[in-house]
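Right after this note come the structures.
Across the two complexes that follow, chain A remains constant while its partner is chain B and subsequently chain C.
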Partner chain A sequence: MSLATALKSGDVTLLPGKRDEDWKWTDLRGLLRVLPAASPASDAALPLGPFGDLGEVEIALVNGRLRGDPAALILAAGQSRVLRLRFVSTAEGSHAAHISIELGEGAALTLLESYEGLADGYVADAGLEITLAKGARLERVVVAADAEGAVSVSSTVVILAPEARFAQTLLTDGARRQRIETRIAHPGALAEVRLDGAYLLAGKRHADLTTVVEHQGVDGTTSQLTKGVVRDQSRGVFQGRIVVEEGADRTDARMRHNALILSDKAEIDAKPELLIFADDVQCAHGNTIGALDEEALFYMRQRGLPETEARALLIEAFVGQVIERIDHEPARDLALAWAADRLRA
Partner chain B sequence: MAAVKQTVEHVEALEKYQHGFVTDIAQDFAPKGLNADIVRFISGKKNEPEWMLQWRLDAFERWLVMDEPQWAKVHFPRIDYQDSYYYAAPSEKKGPKSLDEVDPEILAVYAKLGIPLKEQAVLAGVEGAPRYAVDAVFDSVSVVTTFKKELAQVGVIFCSMSEAIREHPELVKQYLGSVVPVSDNYYACLNAAVFSDGSFVYVPPGVRCPMELSTYFRINAENSGQFERTLIIADKGAYVSYLEGCTAPMRDENQLHAAVVELVLLDEAEIKYSTVQNWYPGDPVTGKGGIYNFVTKRADCRGDRSKVSWTQVETGSAITWKYPSCVLRGEGSVGEFYSIAITNGRQQADTGTKMIHLGANTRSRVISKGISAGKSSNTYRGLVSAHPKAKGARNFTQCDSLLIGKTSAAHTVPYIEARNGSCVFEHEATTTKLSEDQLFYAMQRGLSQEEAVQLLVNGFVKDVLQELPMEFAVEAQKLVAISLEGSVG
Partner chain C sequence: MLHIENLRAEVDGKEILKGLSLDVPAGEVHAIMGPNGAGKSTLSYVLTGRQGYEVTGGTATLDGEDLLALDPNQRAAKGVFLSFQYPLEIPGVPALTFIRTAMNAQRKARGEAEITAPAFLKLAREHAAALKIDFEMLKRALNVGFSGGEKKRMEIFQMAMLAPRFLILDETDSGLDIDALKIVSEGVNAMRAPDRSMLVITHYQRLLDYIKPDKVHVLSAGRIVATGGPDLALELEREGYDKYARAA
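Right, the complex of A and B next:
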């Protein structure tokens, strides 16, 4: 059951729908009655993406077709690199892409990943497989700027070795239906995961951030912070699952999801799950959903700030807590600016 | 401190499930299996009117085409519904006129249970016994109903469901199945078709029920699934507190228990529903023989400013599948859920609550404490949702899990659905093991390891125990102790 298998086989019944527990809030089967034809190839030059010309190498997938040298996706032991990875849709129709990224022992990669909708009404699937060898480090910053009428699914599988560090920050403003899924096999063994995200939705957009972290061995840590802001008739979905398998003692896993719901027609659905099969663990999750703090708003207006400005500041500060955790400074600045644009639109 | 002392004594005394005994009383069985004729047989046995039989048959037809739910985190062999008895009644032909006429063996069962509610005295009609109305359900038929007169004076109707069907058909017709519809889920539908008996309570407008109402459920006949059906209606401004406690004898074959409890609350009514459940959990090593508890409990706060409070202590059953829910329809209505779920041995519990906010300014509070030991699995599964019209809805949820032992599992699966801009939902959950430091401290002060665990666990569940009526709190604390017996060291 996935968009990728449905696109491959052309069988619309293979789409996941609301009867599938993991997709109950992101119904693709009910939305897509027919699968669109494959998108055409495109040779047109691409404009700069959300990350501009940051980094050393660019790899793009335009309507599912690779541009650039995929060798850059494999880092040998000790190598380090800043890489832009762009999934661009320039036409209607459907397309799928699959990418593998491998980091050798002690390698370090900053992955600046973007989803760009230059056309509308497309159905796109992206699959990533990321493998980190012992002690490797990867920071992944994702900006998903899909088109309003797009259906977009991105699923990533991350496999970590001992002492590896994987940090991720996802920013999205949604699409007609959008799902960004991250599954992490966590070996414990001093490996570390930071798994952050923010969805900033307006209009009728929808975004679904789904994560699964499986702690398989002792001494693993996971820290997860997701924030959401929904307005108009938009819908945000957060599904986080942390599994601690039998024997994965001394696991420290924390998950937070905080969301602001700014309109009476907006919706937020959340399912923060903890599945724990070991006893010597510290696990917690917290989830809050609510409106802006009226008292803080009052305080700021009392100090002479116009209401719209006060609201914008509060919301930016709220989302800023996620973005500030990005290590790569230029990427952080771009992400902040991108988020501010969305919030003030 | 009496309770603490009792707890300690109990832990020492208890080696095995104390309530594992089978009473031999002549039983009146329906033939094994389930078909429309069995449904007619049950209805006929109970002298039910035609409309009730039709209701059951309709439910049975719907049940035939339903599928058993698979989503819960519990595993058990497929139940053969044709290999069960659906009706068993103690064989007295006439209803007992006084306690003297009650089968002495039944009374002996209560004696063996060691019920703290002084039900013995109540059932024996002892002068000056505390005033608890007891509607004792022995297998499927209410045997004794006490204090009926005193209740009748204030207009409270408290009787068995079969009696209510005969004597208050207008109330039953109006409310039965209005909270949990016939085809709500697989087990509720099965219950609607074959329900044996249960309690019926109606509290008229403005009446504060003068005593706590309680029911003891007890599964007794070999191989007989029990299908209780409880309906409580609190009319405008009424208040009632209802206690439910369960024990069951030890046996080899798994027993199915699929009860339905419906609560109806009109304007400004309040119902407090407390459950202590310690059915046979199955063999601690193989998990064989325990009760399957698949219960549907739901309260419908139809009236404005009504309040419902569920408190449960779940320590027994091989499998618990239970989500007492609150439909907060009336403006300003309040739902509460306090739960302790303890699993040990091979037990599996998938339990939680649903708080469905439909009306404006509705509030709900969920406090869930799960403890898993041995090779057991304990899941909190809950839903909190706010409808677009539920302006100003508020929820606070706290789910804490405590793990004892390397092979136990604790899961938290909350679903949160917010559909308007003025609701405030908060959810906190933690999972930890017993603190080594605290254990060490307690043992250093001279407590044995088992006693130290008792002490810490009682502290962990204190928030919920406080919500129980006094006489239940004592029993519950004992149960907590018994359930974790032998889980450390």
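Right, the complex of A and C next:
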């Protein structure tokens, strides 16, 4: 059951929906009665995306069709690179894309990935497969700027070798229905994962951040921080699962999800899970969902800040705690600006 | 400067201030003492416009201007500053960023130009040094993880930076060690000026040894029930509030 298989076969009954435990809050089956026809090809030039011209190489998937040399997605041992990967939708209809990224031993990649809705009402699927060899490092910063009427699913599978480091920050403002999923096979063995995200939703937008990390060996760390801000009638979904398999001792795994609900019609569904089958582990998770702290707001106003400014400052600081964990400084600045735009809109 | 007449206010439908009258002329420092639950913090919140504190009667004016009609931030821009009994934590916002944002918001409200970054930093370094605040602490999120005493010191630092005209200190001495009490008091005394007044809420005479008040008021059961000179504080310290509780 996936959007990709449904699109390939044209069979709507293959769409994931309410009856699938993992998809109960992001029902595609109930939403799409028919699958739209394939989107047309496009050879129009693309405007700059959320990451501008940062980095050395750009690969784009425009309505599912590749532009650029995919060889750039394969890094030989010791190579390093900053790369933009853009999933762009310029027309209605449906499209799917699949990408593989491989890092050889000790290679380093900064992946600046964006989802850009230049048209509305499309149905898009993206699949990524990321493999890191021993000691490789990848920082993935994702800005998902899908269109308001879009249905968009992105699923990534990450396979790590010992001593690899995978760091991810997802920023999204949702879509009509949007799901961004990350599944990580974690070997332990001094490999490190940072798995962050922020959803900033307004209107009737929906975003679902789903993650699964499977710790399969000793001495692995995972640090996960997700923040959400929902306004109007929007809906945020966070499903985070960390599994520590039997024998994966000395795993250090921490998961936090903190969200702000700024209107009574907005909704958040959160399911943080730690499934631990090993004995000697350090694991913790925290989950808070609440309104802005009114007492803090009064304090700020007593110091002279007008209410709207006080609110904006609190919210931006709240989301900023995710963004400041981005290592790549120019990407961090762009991410901050993107988030500030969404929050002040 | 501050003129309060027959002020009545309730919280959650319960009347806390029951016809409170008080005058603090320009340049003077007045102390307010009174038993727990008398309404001292309530008075400070009513004067600063906290939500949920409903004024049901009376007036409060600053230099003739109706304070009660203004938003909390407008009152701040007019120069009203409250040093909180329990300062709030502002996660993710460095103290310096917060104070600069507040200062510029006040300036904007008064139609003044923003302070430049170098001028702001210079001012911050001076006041931090005077209050023996480690400058590094000002880069941390405001009050997050600060000790009780550090939070109080940070209140006085903000006060020094923002240079308000009317200062309300709500139990600023509680939580301060002996040295900190002295430093903070010196900071407060340095702000004494002919066009600036202070209302100092405290339970302890000791603070008033450092910050010498022109007058001392007893607030009991929502009203000012006695007013005197600095000697009144000494008397209260000896005899407690018994006699005023009965009077109230």
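In this section, the second predicted complex is superposed on the first by the 345 of 345 C-alpha atoms of A that agree within 3 Å, B and C clash if a C-alpha of one lies under 4 Å from a C-alpha of the other, contacts with A are read in each partner's own complex, and residues count from 1 in each chain.
As a working rule, contacts are C-beta pairs under 8 Å (C-beta built on N, C-alpha and C of every residue); 3 or more make two chains touch, one makes a residue touch a chain.
Because the structure is a prediction, the values reported are computed rather than measured.
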Discussion item. In the overlaid three-chain picture, which partner chain does A:100 touch, first (chain B) or second (chain C), both, or neither?
Written reply: neither
Practice prompt. Please indicate which partner A:290 is in contact with in the superposed arrangement: first for chain B, second for chain C, both, or neither.
Written response: first
Discussion item. After the superposition on A, what does A:246 contact: first (chain B), second (chain C), both or neither?
Written reply: first
Practice prompt. Identify which of chain B and chain C touches the larger number of residues of chain A.
Written response: B
Discussion item. Per the contact definition in the header, classify A:268: touching chain B only (first), chain C only (second), both, or neither.
Written reply: first
Worksheet item: Who does A:9 touch here: chain B (first), chain C (second), both, or neither?
Response: neither
Item to complete: Check the residue A:279 against both partner chains and state whether it touches chain B (first), chain C (second), both, or neither.
Response: first
Item to complete: Flag every residue of chain A that touches chain C in the complex, lowest number first.
Response: 293-296, 298-307, 309-310, 313-314, 316-318, 320-321
Fill in: chain B-facing residues of chain A, complex
21, 246-247, 259, 261-291
Response to the item:
Given the complex, residues on chain C that touch chain A span 48-51, 71-73, 75-77, 81-82, 84, 87-93, 98-99, 101-103, 105-106, 109, 141, 158, 162
Worksheet item: Where on chain B is chain A touching in the complex?
Response: 71, 388, 391, 401, 403-433
